[in-house]
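Since the structure comes first, as structure tokens, the remarks are kept for the end.
Naming follows writing order (A, B, C and D), and every chain is counted from residue 1.
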């Protein structure tokens, strides 16, 4: 099995030279993306086939010489492999159409399949070296893709920050594996499982830094909202929807599989980070008016939700409550899948809008629902799903997370008793804010009247993109109404990590899901869906049949002040204003300066809002200035005279001799 | 056979809530009018309004999209499903396990989501005001509600309304501080969710003060009728939710005869009436607050809910 | 005989150290050159003595090189240079004589400590020679560091190299000594030629600043 | 001495040098230069299979065999690069044919000196060879005879000669230490005998000797604070020489250090040389990493990156142990290949843009895709990102250190990260962004550059077992 997977990963890599050779040939994109699509689909099938199969391993004479590179396809790897390549397949399909508008194809095509291959290899790797190589290869290729449009905006800065932080994360992971490998350098995961690492604390922190910086945990998220939007949209979808999941995989693999038994306090760290990340992410997102950046920030929020699930799982595992742990982990992993689906969908939509209007700024959009109805529809589905509205898939995983939280009072440790409810509140808050955020995203972009000529002239996107988006939207619905199937698919992975699996869901009558016991809680997306359809159609038919179905178009109510300008509509910023007043003053030090001209003055009134990113100001800006200052200080060494250099040598000699003289 | 009976009961419940909802609204208005020394419209006035609105033609804004026309049905459907899942006169309804309390709240949330979109669709500033304020209120009300759910779920060991209700009937709960806090929080949330004074004024038509009304300003005819119906359904839902959680007495158990059902219905009607009167009293005795005082109001609810949950978490280990 | 030979060697080596101090003390370039000539001469003597003691005739070559090249040719050449550059009575020091002396003392003490504790087993002659050689080397370095003037630094370097030769000859039966001293003479010749070539720059480190900037191209 | 391969790799360059000094016509000499380098390389390859007996002056063992093959190979590729580079220099008249003859002769003499230093079985000979190498490079650095070049050469010369002096003193001390047990005369300077008797040497004397050798040869390696000559020499000399300096000469000096480290390691009482090397390596790496930020001259920047990597390598050897030593060897090889490849790219870039100022070059991937992406690839490799070779060695160094001395490993990682950030800060402006400077097509031979990068890439994911076992033996040798 694993060999087959490796073959197709290699096939993806084999596309690279083709892409380079194809160069600027106009049809190159069809070949490259088509081939990637096929390979990814094959990998999806392999992954699904090996979900329930026993782990299969392989060893190639690559990587560390005396070690070789090990690969292993177990349930967990299979699940993530499926997620990765599902996203990859969708992106490839989308890109066949989307790529037509690419201005610099020769900077995108070669790196795209390499990026896909890198992500798949990370999931397959079974020793530290192969893992890290694939991991950093993934970062590197995605960096190249971010730099594809290096002359636009501050993409260069984005790419720079991205690469530096990615390398920092990799460094943290290298240290993690150094600890896990121990003195005798047992670099294979099998040896790590066998060994008993001593510095558990260091391992967890380093793993959190390493995987979290790639996943976008606050406060390591700063690169994400810069880099994800900078890339071409189908790559943004991959980075946001898929690559962050690979990071989650890294954390799960280390924390649940390699690091041995978790200590009780691990979960506290993870939960706190997850809760903060969820709320901060969505608040950041609410303040944006760049559509893609908003989506990127939302990735941060969802990563937070996922980590909440993982943290609960760690807590339950540490206090050995396997069933509860299984529930929490299932919730987390299910959200991994769900988020990869609807986030890709949303980025595809954003890309379609970008192509149709050349605008990423929502303030310049509006009314697109009339020009691109199908895109609007699928985008709406995505928004509803990510806002956790039943009967779509986003709700299921959040519901499961809530159920897991409700199991936590049995936890003995006090720290958890205090933090878990707070995290629950944060989770609920972030869910509500997410809904608000996507009302804004969809409403300002697609509804209302077009705010610019560009938005006015927009036209529906091509059929490949629509096919990809439609497929993902359908997936959102299916995963929402029959979640049992997906939960069962997760069962083997969960069992391998926490030692127990949830009761099989597919057996339950009416296809509803019952995590613990029916008396406790149950949810049936299918029935809710049917109910809504039936009652809605019932009402509609009844009214149209028995009451009136007449309709007349008229100008909207204007309070008696007719004005046609679309500028009078609510903008993204004005929509977010109430929430900014409630939360922003604390979180972003939000300040509003209103300058109102005196009566009779015809100057327009101005409202200036300033937000400050406290994470950047407190963490990263000082770091940068510190390095700069040190560089300046040391730079004087470049300008010494020869005599002064000689005195340096002299001093070194004397010091060393002194050391010798006082040596015992 | 039993299945058919269950189906019948479930259907009866759905019809019941649908029919009672306008009546409750009418009752509240009537009582308020009386408290203000006014005659007030007859109780069945809401029905008349609905029917008239249904008959009228729809006047649609020029650039309203297809979404704008679907949303009323979506909102109505979501609210109706949610309302019909709350046990009113009988626990253990056939489909009650198809969605627990969290799901019900999420259903209401989706109704609000679509309504807020509708507010933005026409592209006038009133819709914008309404939606933005609505989501702001919701962003605080929903977490508060979830906290309340946590409290109750931890007490009852379930998020399943029927189970909760039957557990609370069984009376082995005793009096708990958490429940008290949860009740207050729930009432606050209910007021906010139903756009009642002091958060919002259903009767106002002054654009700058209204929230819910501003969102639906562009709706007319059957669309407006559906939205109004959904609104009163929501009111009914919250009243019966409070009733079923904090005054579950007289509710019929799953496998009991017609007599019990009759008692259950009677008790339910009683609770509704009481709830309506209390709401009217409360509304007349308080003034509407500024929009940006609302967060503090709701924040209080959130804090209460969190406090209640914390108390339970801590008390578990004692 | 053994004792006497040891004493003479000791005396010669010690006097080398002494002359190094004298060099440190000088501040006029011309005087410095003269002292250096004495230094080289002393070296010649001690090398010759070693050649005699160790019965190693090839060391006489080294001695000859030292005498001819270092004690005569180079000083004369440098005299020419400084006269031509008109810097023969310049006083070019970074630190005052006193400080230089103190540091020198410290260095000698340091080398003593290091060396004497080091070679506990070795024969006393070698030990003394090494200790002195090390001090001469260190003093030479010190002079290179404390002199701003190129010529001064060359002299420092040469006395450093004298120390090396002292050590090499002191190491009984060390091969390649001659080759090494030749190599070093070549090195020094290079340096002197360099000074000739770049006489515009009579110090190592006086280059007009904007030239510096242009060159190191880094400052802004 | 019979004429075996070892003598051959010395004689070929020597004769070549003599010939080219005589031959007129620079094109011919350039080609001849390549030929000679190739011949030397092939002979060196033969050393892998037939290894002559160690004589009193020359010997070959696993350790210096690595260096010999590497040196001759890079010497060969660099000669290819220099052929195309020099052509351009002639066109723009920076060099005249007469200087060119001198240049090529010097090139071969340098090769000879380095090979001699490597195969020398006698610490005296080794010292002489390294001095010779230094002098030749001094002359080549100054070959442009601009004010800057002369300044750089002068600085290099002075610091170099002081270093040489210190190294010599250390060598003498070694002899003193060896004499009692080995006996007077030549034997006391012959490696093979020294290593045998090292255990019996006077440990304290060895310590002092090592201090001097560390400083003396460390000056050549470019360890901070003895590095001062290195950046300017790289920046002002002809680029092929920069490539040779970074790629080879530093290695040769390092090789000398390693030899003496082995000597000390073989003596139980002597103080472990490890800590000293670790400290100096760490200082150099951190210092150079910070220095990268304020560089405006592209060649000087990469010179500092060489200092950083030399620091890392010294660190690795200082840590010792099979893993770290293996990593050190690997890192050294990879660094030579990568850094010389980078200098090949940089040389052509500087020629195309007509300047070395980073500010005046930009958007290379737009204007000169091959050069630009070649440079990007090189920087990616030098920054230690997979899947290229340097990542493997850095991975090994860090992981093997972290369990033994966590703080050292963290400092090292810090240095690597700071260095990476600095490099990419500049790479951004060079390779990406708005194109700046002339966009004339580059007349360059990309073969050497991409040959090196290909090797580095392959080594990053697959190393032939034979090579691995060889390196492992050497690592054991180093203790």
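Following the convention adopted for this analysis, contacts are C-beta pairs under 8 Å (C-beta built on N, C-alpha and C of every residue); 3 or more make two chains touch, one makes a residue touch a chain.
Remember, predicted model here, so these are calculated numbers, not experimental data.
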| item | value |
| --- | --- |
| Pair of chains joined by more contacts [C-beta pairs], A-C or A-B | A-B |
| Inter-centroid spacing, chain D versus chain B (mean Cα positions, whole Å) | 78 |
| Averaged-CA centre spacing for the pair chain C and chain B, given as whole angstrom | 99 |
| Rounded Å distance between chain A and chain B, as computed from the means of their C-alpha atoms | 35 |
| Separation of mean Cα positions, chain C and chain A [Å, integer] | 69 |
| Residue numbers of chain A (touch at least two other chains) | 635, 638, 642, 646, 649, 653, 657, 660 |
| Of all residues in chain D, the ones touching two or more other chains | 154-155, 158, 162, 207-208, 294 |
| Touching two or more other chains - residue numbers and ranges from chain B | none |
| Set of all touching chain pairs, with the criterion as stated earlier | A-B, A-C, A-D, C-D |
| Residue ranges of chain C touching chain D (in the complex, touch as defined) | 114-115, 117-122, 126, 130, 133-134, 137, 141, 144, 153, 157, 160-161, 163-164, 167-168, 171-176, 179-180, 183-184, 187, 190-191, 194, 198, 204, 207, 211, 214-218, 220 |
| Residues on chain D engaged by chain C in the complex (per definition of touch) | 124-125, 127-128, 131, 135, 147-148, 150-152, 154-155, 157-158, 161-162, 164-165, 168-169, 172-173, 175-176, 179-180, 184-186, 188-189, 202, 204-205, 207-208, 232, 235-236, 294-297, 300, 356-357 |
| Contact set on chain A toward chain D in their complex | 61-66, 107, 128-129, 132-133, 136-137, 140, 147, 150-151, 156, 159-160, 163-164, 167-168, 171, 174-175, 177-179, 181-183, 185, 187, 202, 627-628, 630-632, 634-635, 637-638, 640, 642, 645-646, 648-649, 651-653, 656-657, 660, 663 |
| Chain B-touching residues of chain A, taken from the complex the two chains share | 366-367, 369-370, 373, 376, 380, 384, 387-390, 395, 399, 402-403, 405-406, 408-410, 412, 414, 417-418, 420-422, 424-425, 428-429, 431-433, 435-436, 438-440, 442-444, 447-449, 510, 512, 518-524, 527-528, 531-533, 535-537, 539-540, 543, 547-559, 566, 568-570, 574-579, 581-582 |
| Residue ranges of chain C in contact with chain A within the complex | 94, 107, 110-111, 113-114, 117, 138, 141-142, 144-145, 147-148, 153, 204-205, 212, 216, 218-219 |
